[in-house]
């Protein structure tokens, strides 16, 4: 009879995977909401990114290229929020551009919310240029004739009438380009944007590895890698933003997985021990 | 009460959030078990995806590479391409089925021919970068540290032992077998590292979704402050 | 030989005249369809050997074109004047050839879609089990196909993009399809957890190696790894000072993040490269066998 | 760092020519009756076991080439599926082939039709069993996951090139208790197959699979040629790193070995009178 009833260890070993799913879900929700903070050490590319923006003077123009949508939200949204927060602190003007409709909508809504909180004026201090279907063509066009290439902003105002880019003829009037992206757009910016414009890069963690060569060669002036980089950046800005929250949740999901791997091995070990004793 | 009014889908923006949430929850229901709701969304998903592809991958390509060159630019020779490609559709015929293999043969030949360039571009620069690893300090590489030296030697040893594992045409015996087993173990280190490194990216995706549920749908403001 | 180049350069015979181009073009396309599809019954009269010969020849020629373009010298002065150091006489034909492949790909998509629709139409018409879901698939397919094609045509400014089209397309694409993508993609997080829990056990040497490296990297890449090494264990975080002895250097490089990074770059990279070499060589051998029809594979 | 033409570094042409020669010579040797050996590949012996279990349970076998785009990898995957289909045709086991690329789908139809024909059971062929689900990555994944769970497949074969969706296939298959054998050239997806499948065919083993299964002389001969090619790569690596250690990593001889433009750099340095 005793063989029929499962021991505790056997039950742990054969746990229904749906419990695991639930535990992971609850774990992530908890650490997203809970105000626990784990200090991060700031990596050199993030520090460089921060220093580069610190050099901006009030009124300097920055172009943000935002090409992410729902699936990479957790990595790109904290980056964009942190970058906009820093730009507003430096009183810099900025314009956003996307390469497709979803990333336009998502970055426009986000920028509207973040700027409203700090009283930044649309049209005066920032604007969203909508989306351009072909990035290469768009960059080349913006270098020669910016208002003619973009024509209208996201609200339908003519670009030449927007105070934020009053008198701006070309992309070379900008101080820097910040590329927030999950895809390989940064080589395009490097190849086609004017030489006096410095490029900063916010990739997802998967894409970051390929960018170190550009970082070494100085073609990119700084880099924020995924949510982890955003957390480090927020630490430099001394705010607790999404990067910190998301990274917390990521860290503790890693801890959860490791704890369960150890638990599984312990259960396997105990189970063997028990069987040996009985058999 | 205010929260409820804001929460319910009373305008288009809210409605689109609700649609997104419904899709997410329907997909997540697969985690519990396969069920009619999931099945409904799965079929809708495949239908939508198939329909969507026809625009950018069907009509757009045909227009750009076939209709425009012929009718607008006047390059008449393109006219033969689509009828030739249509041979592919003979696949559905029992008698004429073999004719589709002419087109398939074209595709196979083309992908074989293209592979020579792919092989050169993809693998030879990798072979070359393997050679950029001096094994000991010499006059030609005076700046090398001991750390670099150890790393370089490890690199070459791992590369060669894994390569040994991937040989097939003789029986692996004695020292060769031992090297091959080491090769497999090194391989496992690489695979483990990739597994560990991917976890973060995948967790970030899930967190993105959960954030969408909490922030956009339930309007629980997470972070920011 | 120069005659040929000149002829190609003039391009007059390759282009239809400007006036009544649409009419000519339509006639030629109709003619092409009749000619090529009319060839099918003729081909049908071939014996099996002849059929195989045609397929082998076409395969070889298609491969030869791309291979020759790659291998021939780019400044082939013997035949053509050295006009451009980046191309040989086949290079200008590469882009059109790629376009041909693209067109065949688009036709294949039509074929695949046809197969999908046919299967579900049959399900629905014959009232097979679960035919209701087939209706769901067909309806969403028809609606989305209409919107997507209209949207593509609107991009080419052939039809007008009305507000209804814009709204409907946005709801089905941005708020349904893209959300479904994101939801399905994020499922992997759950699966990675259950797979790790089940598979990472100390059962064999291989499984244990896999487990330990995965755990090491998992801790090392998140801030927790830095916290454990530098705050709890008090290891030095910065790089070793220059000229430090071996032990100091070691102490400066055994923080978890550094070890994780070392495993990822120094131990993973050569293993991956060895696999890549094997795959490349295997692929090359396969390409040669296919090109020369040495293997009775799929055709 | 890429090659547009062989002339970018004639070393490429030499390497490809050498490999082609090694492969072709050994294919001819094999055809003339040389006895060639192939080492054991454990996962492949399990194919018959998996098919047997499906037959016993009367549940379908799934074959998934994934999102593999049409090309050399896809043809190899279909060759393997053709072999498996020939096996299952003997027992009339139900099968599903699910593709995410329309061209692969088209070719698969022909290949599977041939397989049933060659096995002498053309009556078992049903075009509805070879399905194109979607060319959209996760729509395809959702369709495969749904089908695996609904039909409770008993064996699942995944061969080809895979991306992030690999774990969705492998975990749902594991959930319904299918015997799973995966083979892929995508290094980044191998760990997930290793974790969730019963057997995983890694890297070049994928290309050796059809030789192992069919023992055709042409394929076995080709494998010998491939091993010689790997020996060439290994020797180049060994010789190259020693040369780089002595002469420096910027030496013309190092550039010659595979770097685009290296050929010209090497010969101009030789003509100038030996690396000064």
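Per-chain numbering from 1; labels A, B, C and D assigned in written order.
The definition used in the following text is that contacts are C-beta pairs under 8 Å (C-beta built on N, C-alpha and C of every residue); 3 or more make two chains touch, one makes a residue touch a chain.
Since the structure is predicted, the reported quantities are computational estimates derived from the model, not experimental observations.
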{"item": "Chain closest to the middle [Cα centroid of all protein chains]", "value": "B"}
{"item": "Chain whose mean Cα position lies farthest from chain C", "value": "A"}
{"item": "Result of counting contacting C-beta pairs for A-C and B-D, higher pair", "value": "B-D"}
{"item": "Centroid distance [mean C-alpha coordinates] between chain D and chain A, Å", "value": "36"}
{"item": "Whole-Å gap between the CA centroids of chain B and chain D", "value": "16"}
{"item": "Chain centre separation (chain A, chain C; CA means) in Å", "value": "26"}
{"item": "Chain centre separation in whole Å, for chain B relative to chain A (CA means)", "value": "21"}
{"item": "Chain D, residues touching no fewer than two other chains", "value": "3-4, 6, 16, 70, 72, 75, 103, 106-107, 110, 127, 133, 135-136, 139, 142, 187, 191-192, 194-195, 202-204, 208, 223, 226, 230, 233"}
{"item": "Multi-chain contact sites of chain A, meaning residues that touch two or more partners", "value": "17, 21, 24-25, 70-71, 73, 228, 250, 253-254, 257"}
{"item": "For chain B, residues that touch 2 or more chains besides their own", "value": "20, 27, 30-31, 39, 41, 45-46, 48-50, 52-53, 57, 88, 91, 101, 104, 107-108, 111-112, 114-117, 119-120, 127, 130, 156, 159-160, 163, 166, 187, 190-192, 194-195, 198-200, 203, 205-206, 208-209, 212"}
{"item": "Pairwise touch network: line, ring, star, complete, or other", "value": "other"}
{"item": "Partner chain B, residues of chain D touching it in the complex", "value": "1-4, 6, 8-9, 11-12, 15-16, 36-39, 41, 70-72, 75, 103, 106-107, 109-110, 113, 127, 133-136, 139-140, 142-143, 145-146, 149-150, 187-188, 190-192, 194-195, 202-205, 208, 211, 220, 223-224, 226-227, 230, 233-234, 236-238, 240-249, 251, 254-255, 257-260, 262"}
{"item": "Residues of chain D defined as touching chain C within the complex", "value": "3-7, 13, 16, 19-20, 23-24, 27, 70, 72-73, 75-76, 78-79, 82, 99, 102-103, 105-107, 110-111, 114, 127-128, 130-133, 135-139, 141-142, 164-165, 167-168, 170-171, 174, 185, 187, 191-192, 194-196, 202-204, 206-208, 210, 216, 218-219, 222-223, 225-226, 229-230, 233"}
{"item": "In the complex with chain C, residue positions of chain A that touch it", "value": "15, 17, 20-21, 24-25, 38-41, 69-71, 73, 101-102, 105, 133, 228, 231, 247, 250-251, 253-258, 260-261, 264-265, 268"}
{"item": "Chain C residues within the chain A interface of the complex", "value": "155, 170, 174, 178-179, 181-182, 185-186, 189-190, 192-194, 196-198, 200-202, 211, 215, 218-219, 221-224, 226-227, 230-231, 237, 257"}
{"item": "Residues of chain C defined as touching chain D within the complex", "value": "69-74, 86, 88, 104-105, 108-113, 115-116, 119, 122, 177, 180-181, 184-185, 187-188, 191-192, 194-196, 198-200, 210, 214, 272, 275-279, 281-290, 294-295, 297-299"}
